[in-house]
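All remarks here apply to the structure that follows.
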Amino acid sequence: MKIRLDNVVKTFDTFRAVRGVSLEVASGELVALLGPSGSGKTTILRMIAGLEYADGGAIYFDAEDATAISVRDRGVGFVFQHYALFPHMTVAENIAFGMKVSKVKRSKTAIATRVSELLQLVQLEGLADRFPTQISGGQRQRVALARALAVDPKVLLLDEPFGALDAAVRRDLRLWLREIQEQLGITTLFVTHDQEEALDLADRVVILNDGVIVQEGSPQDVTRRPNSAFVTRFLGDTNRLFGRVAGGRAEIDGQAIAAPGLADGAAEIYVRPGDLDWSRSGEGMAATVTRVIDRPDSRRVLARLANGDAVELDVSPETDVARGDAGFLHIRRASVFAAPR
Amino acid sequence: MSASPSGKPSRVGDTPLVRRTLITLVLLVGAVLVLAPLIVIFAQAFSLGVGAFAATIAEPDTRHAIMLTVIVALIAVPVNTAFGLAAAWAVTKFDFPGKRLLIVIIEIPFSISPVVAGVAYLFVYGLQGVFGPALADANIQILFALPGIVLASMFVTAPFVARELIPLMQAQGRDLEEAATSLGASGWRTFWSVTLPNIRWALLYGVVLCNARVMGEFGAVSVVSGNIRGQTNTLPLHIELLYHDYQTAGAFAAASILTVLALVTIVAKVLLERQGAGRRSRVSVAAPVLLAEGQRP
Amino acid sequence: MKRRVLPGLPLALGITLLYVGFIVALPLGALIYKAGTLGLEDYWRIVSSERAVASYRVTAGSAAIATAFNLVFGMALAWVLVRYQFPGKRLVDAIVDLPFALPTAVAGIALTTLFAANGWLGSPLASIGIPVAYTPLGIVVAMAFTSLPFIVRTVQPVLEDLDPALEEAGQSLGGSDWTIFRQVMLPLLAPALMAGVSLSFARSLGEFGAIIFIAGNQPMSTEITALLAFIRLEEYDYQAAAAIASVLLITAFVMLAVTNFLQARALRYTQRS
């Protein structure tokens, strides 16, 4: 099932949550809607589900205009942020609910068979008779997924699917969800505010801010070629340096960085900690180390430039560097944007 | 500050002197104010012996008053319950303009003197009221008859079910209903199999309190019933009548029935509170509902 | 019409508005209309008559004393129930609700019998020169009884949720128990106490059933406003009844506004994020 959003708009009271979003999701694709809170990502997901109605624009499922179809008839599987498992029903009853209320009548044995299939799929055999309060958060999440899948939805929608889980459980479930999605080949959208989660899991990442899409593309696209200061900062740690652009090149402390298509004038140069090299002597920006933080796979160096700006960089664990050392920073790669006026 | 026997440092007010004084004081005053009236009721009810007690209860007017009270409750409580469910569903599952005002209006009967309620009903259905003359022409008797008693009872208890359900359903949010709907369930199906099981204790709690109030209502009913012995006397009105007739033992015998109802209500209340009902609304009349809105993004 | 995701709004709201309109708004509207037909001068003459004013004084004065009593006793009761363990505590906790559950007429005759000059409590009190039944004090007793649970039940949950670290902080800073209670705990309980006070006072103003048995009902001294409205009705003086009832109604609206305001304030402390 292909999904297409055409200039969708949603306003709550006076707050314009979504202001003209157009998006296409190919059949079988796994797409992340990524953005800070209030960016409109959840509202978009809920509009695709039919849990909110768009104030303007249209939503198509394949060629069918689904904009006005109610959530009951839209045939989507929705996994709620806090799962919304029915607390008075067992795991099996939760999963069976959609089949029981369906217009398509199924026999009791057919439902039971399907429930045990799904329990197997989400690896929860043996927990069928537990109540939601009697299982762990990760297990609840999988029940919610099984419940959504039980009605053979055309689209799977997940709202912050890992938001309520511990870091360790989260990583496991992420990989597992990707496997299931590939196995079923179901078109899937999920919402997250965690860039790592989006990049780990999705075929394509749609980054939102203030109710509009600011960039969309593969994880490689958005990480390597962020199109704005917002995207650069949102996707991870970065240093902001100030320089000038002249003739399509940005200059900073004698280092030149390509800035094709940028008008001459003041510029912001964003450099990730891993894209800075440290040397005792040689070229680059003079800096003094103020602190060294040791991490399992790297050393994070906090340094101060001659102009007083603080920068952070990651060096290999073997690098010999200590507080008070003076040296030079070389920019290996950077993103340059015109400075906001 | 002295250490308490457990060896833990003492909390504020934990010194034995303060503690014993307060407990004694509270129990003493409580016994005088609450326990003593309770004992008086049963002592007076049986003051002329069990036989006299049974005779009073068996008296036709008393039996009629009991019947009338039960009939009023059988009509008013279910209607009120349906209203409470409808109001709670409308207020907690949707946003619409005027919602806060509606909640306040639902709460109004809670703060109005029952006598005022009775007087107000007189000015609707009484001969000097808005519809009175028209109803009299059509020969429809509302006041001084069952319909008036039922209406007045519904007025004084209008908020009882709604105010138990609204805070709870507000706190539960809309996720469960949205989930059920997204799985294809109809509105009724969602209500019966998802919403209702999760509010059943609070609903029952509201129904129990509503019933106690309907059966015990005095002021409003006393205005609209006309106190016709053996016809429009509910049990509380019958108690007044017997009491003013100097049939003290009889009055207390009838009162003991309502007292047993009150005690049963309290036991039911405690049991339901153990199921988690009622806790949310203990502080609240209307304010929490007003504040807990706007959980939508 | 905006589309709704969940079904049932028209039905649910329809039932609600019909019920509220028919059961609540219509009679209150009729009462206000009836009082309004009086004309300002007549209205004022009735509501400011000597007997009416005396009834306001009796009602409000007794309600104030009863509420003051319940403020102290209710606070003590809530404290004892939350902070101490003692045998029978759960029974006491449950029985606190008796005044709510017991029909007011039953409470009325029980209190009257108890506090009458020959009653269990009335006779010792009468012998030391404090008659209760058929005096203004009787009204206070009936009001105190019927509104007893309000302050207990508003303070109790707030006291339960009070963070023990607050008093520990007070203790660590060297405060005495009394100082900590007064300066740390009481300010946090104050909004709940105030909300309870306003509920209790409002209930006392409107109480009828429990009072008329014990009050004596003498005009000018032991006649409450609700009873005066009732008497005017029995005298077929409907306009006077409407006017006096409207005074009670307006008072109730004012108290409702005050209560809502105070409860909103109380919640600032009770609602934890």
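As written, the chains take the letters A, B and C, and residue 1 is the first residue of each chain.
Keep in mind that, in the parts below, a contact is a pair of C-beta atoms (placed from the backbone, for glycine too) under 8 Å apart; a residue touches a chain by one contact, two chains touch by 3 or more.
Chain identities (UniProt): A = Sulfate/molybdate ABC transporter ATP-binding protein; B = Sulfate ABC transporter permease subunit CysW.
For clarity, every value in this text was computed on a predicted model and none was experimentally measured.
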Chain centre (avg CA) closest to assembly CA average -> B
Select, from B-C and A-B, the pair of chains that is joined by more C-beta pairs in contact.
B-C
Determine the centre-to-centre distance between chain A and chain C, using the mean Cα coordinates as centres, and give it in whole Å.
55
How many angstrom lie between the CA centroids of chain B and chain C, rounded to a whole number?
15
Which whole number of Å gives the spacing of the CA centres of chain A and chain B?
52
Chain C residues counted as touching two or more neighbouring chains
5
Chain B: positions in contact with at least two other chains
178, 181, 186
For chain A, jot down the residues that touch at least 2 other chains.
50-51, 70-71
What residues on chain B touch chain A, complex-wise?
175-176, 178-186, 189, 193-194, 197-198, 296-297
Note which residues of chain C are touching chain B in the complex, please.
4-9, 11-13, 15-17, 19-20, 23-28, 30-31, 33-34, 73, 76-77, 79-80, 83-84, 86, 90, 92, 94-99, 101-107, 109-111, 113-114, 119-121, 144-145, 148, 153-154, 156-158, 164, 167, 170-171, 176-177, 180-181, 185, 192, 195, 199, 202, 205-209, 213, 226-227, 229-230, 233, 238, 241-242, 245, 248-249, 252-253, 255-256, 259-260, 263-264, 266-267, 270-271
Residue numbers of chain A touching chain B in their complex, please.
12, 17, 38, 42-43, 49-51, 70-74, 76-78, 80, 82, 84-88, 97-98, 101-103, 147-148, 150-151
So in the complex, the part of chain B that touches chain C is made up of which residues?
1, 9, 11-15, 18-19, 22-23, 25-27, 29-30, 32-38, 40-41, 44, 82-83, 86-87, 89-91, 93-94, 96, 102, 104-109, 111-117, 119-124, 126, 128-130, 151, 154-155, 158, 174, 177-178, 181, 186-187, 190-191, 212, 215-219, 222-223, 236-237, 239-240, 243, 248, 251-252, 255, 258-259, 262-263, 265-267, 269-270, 279, 282-288, 290-291
Enumerate the contact residues on chain C facing chain A in the complex.
2-3, 5
